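Take a look at these structures.
Two complexes are shown next, each including chain A; its partner changes from chain B in the first to chain C in the second.
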Partner chain A sequence: MTSILFDRQRQGSTSPPLQMLKDALSKETMNLAEAIRTFLHSDPSPGSLLQEQPIAGLMQTSTTRTARVSVEPSLHERLFDALAEVKIMTSKVAMHLDKQWRQKLFAQLDSLHDPDEWEEGEEPLQQESFATFLKAMLAINPERRPGLGLSSLGHLIAAWTTGSDRLTIEFLPGDRTRWVLARAVSGETDRFAGDTPVSRLVEGLAPYRPDYWLRYAEQQDHQPA
Partner chain B sequence: MSEQPYKRPPITEAVIDIRFSEDLPAAELEKVSRDFASVYANRETVKNVVAQIGVPPNLEAAPTTQFNQHIGYRLASTDVTELLVLWPATLIVSQLAPYPGWGAFFSRFERDWTRWKKAVGYRKIVRVGVRYINRIDVPVPPEGYIEESEYLNIYAKYPDIIGNVAGYFVQFRAPLNDIECDLVVNSGGVPSPLLNHMSIMFDQDIIMERICPQNDDDIYTLLKKIHEKKNGVFEASVTDRARELFQQ
Partner chain C sequence: MPSSKITNLPDDNRVMRHVGWNKLRRDADNDDKVIGFLPEAFQLREGEDSLSVRWIEYYTDPDDAARIRRCVLEERAARKIGAKSAFGIGRVGRIKQVCKTHGASIRIVHEPKDNEPSHSGIRRLPKDDLVLLDALASEAFTEMVLNSDIPTEAI
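Up next is the complex of A and B:
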C-alpha cells in the first residue's frame, strides 16, 4: 500500500513546461500531452477570487486571471480587502471553529479595521500573520477568547488577562509566534518571553501552565508555575 | 438523510452556476448588480482577462497576442461566506464554509434567481452546474503518513517500487445518464491549514449541458436531482473513517 507522506519542509518540483520539451518529443506525444493538459483544466471557484486554490500549482495551464478592478484603492477599499481576505481564510477552517467564536472574531476584526478609527500609516492585518493565528487557535483551542490588537506592521496580537496577570502572543508571518507572560508574585511582576514556531507554541507555553489564562476552571484552581 | 448529517461538514465551497447563450449588455449587468445591494452588504467590480498567444509554425511570422476581458460584479455578505458573482453570461451563487445545509443554500439561490429573472427577463440557458469542494482534514499519526484509501474510495494506485508519495492528483469525468448530466471529480492531497494534519481534497462538479431546463420549475427540479446525486456520489466516495472525522 502506498501512502502520502507528511513533510512540511518538502517543496515539490514540477516538470518543465511542455513547450520546452517540444523538440525532444514526437508530434503524437505532444498531442497526447496537450490533450491531457486540456482535460486537466479546471476553472477556479468563485471563492478563489482573492486567494489561489491550493491545487492551483497542479493546474496552472489556464491563461485566465480574475482580479478586482481598482486603479488605486481607497482606504475603505484597502481595509475591506484585508478583512475579506482574512474572512475567506477563516472560512477554510470554519468547520473546526465554534460558530459564536467565529462571529465574535469577525466583530473584533471589523472593529480593528474601522475606517473612522484608522490612523495614517497603520497597516491592516497581514494574511500571513492571520494564518499563524488560525493555526495557533485551532491547536490551543482556548475556552477563554482573547482580546485582539494589531501591531503597526499588521501583525495580530492576542491577549488573555486573569487579574493583573497577562499572556500576550504576537502572530508573525512564516508561522512564527512571539509571546510574553506577566504575573504578579509577592507584589512584584515576573516576566517570561519566548519566540517559537507556531507548531511548538503549545510546548513552549506548557511550563508556564497556560490554562491559567486559557481555561475557565483553571483560573480558580491553579496559579501558574 | 437529514438536512445536515455531519457536525463538521467538510464542504469548503458549494456553487450553483447558470450560464446563458448570450452576454448581457454591460450597462444592464451593472444595473442588475445594484439590485442586489439590499441582500449583499458588499459589491465590487471584477475583471476577467483571457490572454491568447498565437505562435505560427516554425516562427515564420511574429507571435500574436489577443486579450479578451469581461467586467463582472462580485457581491458578498458581511462575513464573506455568501457570494453572488455576475458575469455577462453567467450567474454564480456560492457558499463558503460553514455550509448551512442544502435547504438554506437552495433558498438563497431561489431568492437570487427570482431577482435576476425579474431584472433581466428570460435568457436562454446553456449550462447548469453544481459544484461541491470538500477538504478532509486528517490528523497525522506518529508514523508520519496516512493511507488515502482509508478515507476515500477514489485515489491513485502505485506499484510498490514507488513507495510513499509526497502528493497526488486524480481527475475523471463520467456521464450520469440517469439525470442526463456529467460528473467531473478532482481529488488529491492539498496543504492543510491545520497544524499536524494532512488534507485530501474531493471536488465534485455535476454539469448539465445536454438538455438545459428553461423554466423555473424545471431548473429547481434539476438542481434537486443533482443535489441528491451529489450526496450519493459523496457518500459512496468517502469511508467510515472519514465520516468519523466529520463528526468529531
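Up next is the complex of A and C:
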C-alpha cells in the first residue's frame, strides 16, 4: 500500500473545493488530491513516522512541501505503535496508578510485544481493550498485580493465581469483560464464568470473593467461600 | 500413516500443543515466572476448525524425550516460534474426557501435512467456552515443556 503524505503544516491550505475543479483536472490528479485531503484529516501513527522517506521533487509547488511515502507498516512498527498508544493512554490516568505499578505494567506490555516472540497472525494490543483494562483496574484496585497475556485478537488478559486457584479476565473492546475463575473445593474444581460490562465487573465477581486473588491478606485465608 | 484416511488418535497416546509467550500464565509476584497456560492458549482462531497439535507417539523412538524433541523440531521447522514459548502436553483420553465433562464431544485426529508428519487436530472444540478452555489449560494439558529446554540439534 502506498500513500502520499504531506507535512502537517499544510493543513491550512485554502485550495478551492475539488469538485469545482473536476473538469479541469485529470482523473489521476483528482485521485491524488483526494488522497492528500484524506491524509490531512487523519493522524499519522508514531511508527509510520519512523519509516517515512522523503521523495525529492514530488508534487513541487510554489511553496516548499515535503512529500513522503508510507509503506505497509512492518511488524516492528505495528508493535511500536500499539505500545506507544497504550502508554500514552496510561499516562492520562497516571495519577491513579502508583509509579511502581506503572513501571511494572510498562515492562509487562513491552514483554508482550517482544518482536522475537511474536507469532504470525496475532494482533497487537487493541486500544479499546486496554481502555477496558484500565477502567477495570481502577474499579477493582488489585493489591496483587496480575500476570498479563494477550489473545490472538489483541485483547489484554489479566491472570491471578493462588495455589491452583485461578482468576482470569479478558478485556474486550466496548467496555466488556469476560472472566473465568477456578477454585479447588474438597478435591473438585469449581468453575464460574461471566461476561459483564466493566462497570459491573466488581458486582459480577463479588459472589466469588475476588479478594482471595486480588489482595495479599486474603490469600492467607486460602479458601474462599 | 496414510493421509487420506482419518485416524483417531488412541486414548493412551499424547499430543503436544505449542503455546506462544503471550498465552502463558505468569506469576506477577514472582518476576513473571511462567506457571502454566492461559485458557486462550487453547482457543481456536478465526477461521480455524481444529486446534493444531502434534502427536507425540507418531514417533517411535524408545526414549520419550526423543519423541517430544522430534515434535518440537517439527514445530520449529514449520514456523517461527519464540525462544520463550512452551509446549503443553496432554493425554488424548484425558483431553476428550475433560471436554465431555463440559459438554463437548471432540475428536482428536491425525492431520499430517507436508514436512509435518505428526500434525494432528482437535476437532469440534467450542470456540468461546471459557470454562472448558480453562479446564483444558489446567486439567488436560498438564505437562509443560519450555522451548528453551529443547536442544536445537537434530536427533
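In this text, the second predicted complex is superposed on the first by the 154 of 225 C-alpha atoms of A that agree within 3 Å, B and C clash if a C-alpha of one lies under 4 Å from a C-alpha of the other, contacts with A are read in each partner's own complex, and residues count from 1 in each chain.
Everything that follows uses one rule, which is that contacts are C-beta pairs under 8 Å (C-beta built on N, C-alpha and C of every residue); 3 or more make two chains touch, one makes a residue touch a chain.
Computed from a predicted model, the values in this text were never measured in an experiment.
Novice: Comparing chain B against chain C, which has contacts with more of the residues in chain A?
Specialist: The larger set of chain A residues in touch belongs to B.
Novice: Figure out whether A:E120 sits in contact with chain B (first) or chain C (second), or with both, or with neither.
Specialist: After superposing on A, A:E120 lies in contact with chain C but is clear of chain B.
Novice: Touch test for A:G147: chain B only (first), chain C only (second), both, or neither?
Specialist: Second partner only, chain C.
Novice: Which of the two partners, first being chain B and second being chain C, lies in contact with A:A193: first, second, both, or neither?
Specialist: Second partner only, chain C.
Novice: So, A:I157: does it touch chain B (first), chain C (second), both, or neither?
Specialist: second
Novice: Quick one: in the complex, what on chain B touches chain A?
Specialist: Interface residues on chain B, with respect to chain A: 8-13, 15, 42, 44-53, 71, 74, 76, 78-81, 83, 85, 92, 94, 96-99, 131, 133, 135, 137, 140, 144-149, 157-158, 160, 162-169, 171, 173, 184, 186, 188-191, 193-196, 198, 200-201, 203, 205.
Novice: Write out the stretch or stretches of chain C touching chain A in their complex.
Specialist: 20-29, 32, 35-36, 38-40, 43, 45-46, 79-85, 130-131, 133-135, 138-139
Novice: Could you please specify the touching residues of chain A with respect to chain C in the complex?
Specialist: Within the complex, chain A contacts chain C at residues 104, 108, 111-112, 114, 116-122, 144-153, 157, 159, 161, 164, 166, 168, 170, 178-180, 182, 189, 191-193.
Novice: Which residues of chain A touch chain B in their complex?
Specialist: 1-7, 10, 12, 39-40, 42, 45-47, 49, 54-55, 58, 63-70, 80, 83-84, 87-89, 91-97, 99, 102-103, 106, 131, 134-135, 138-139, 198-199
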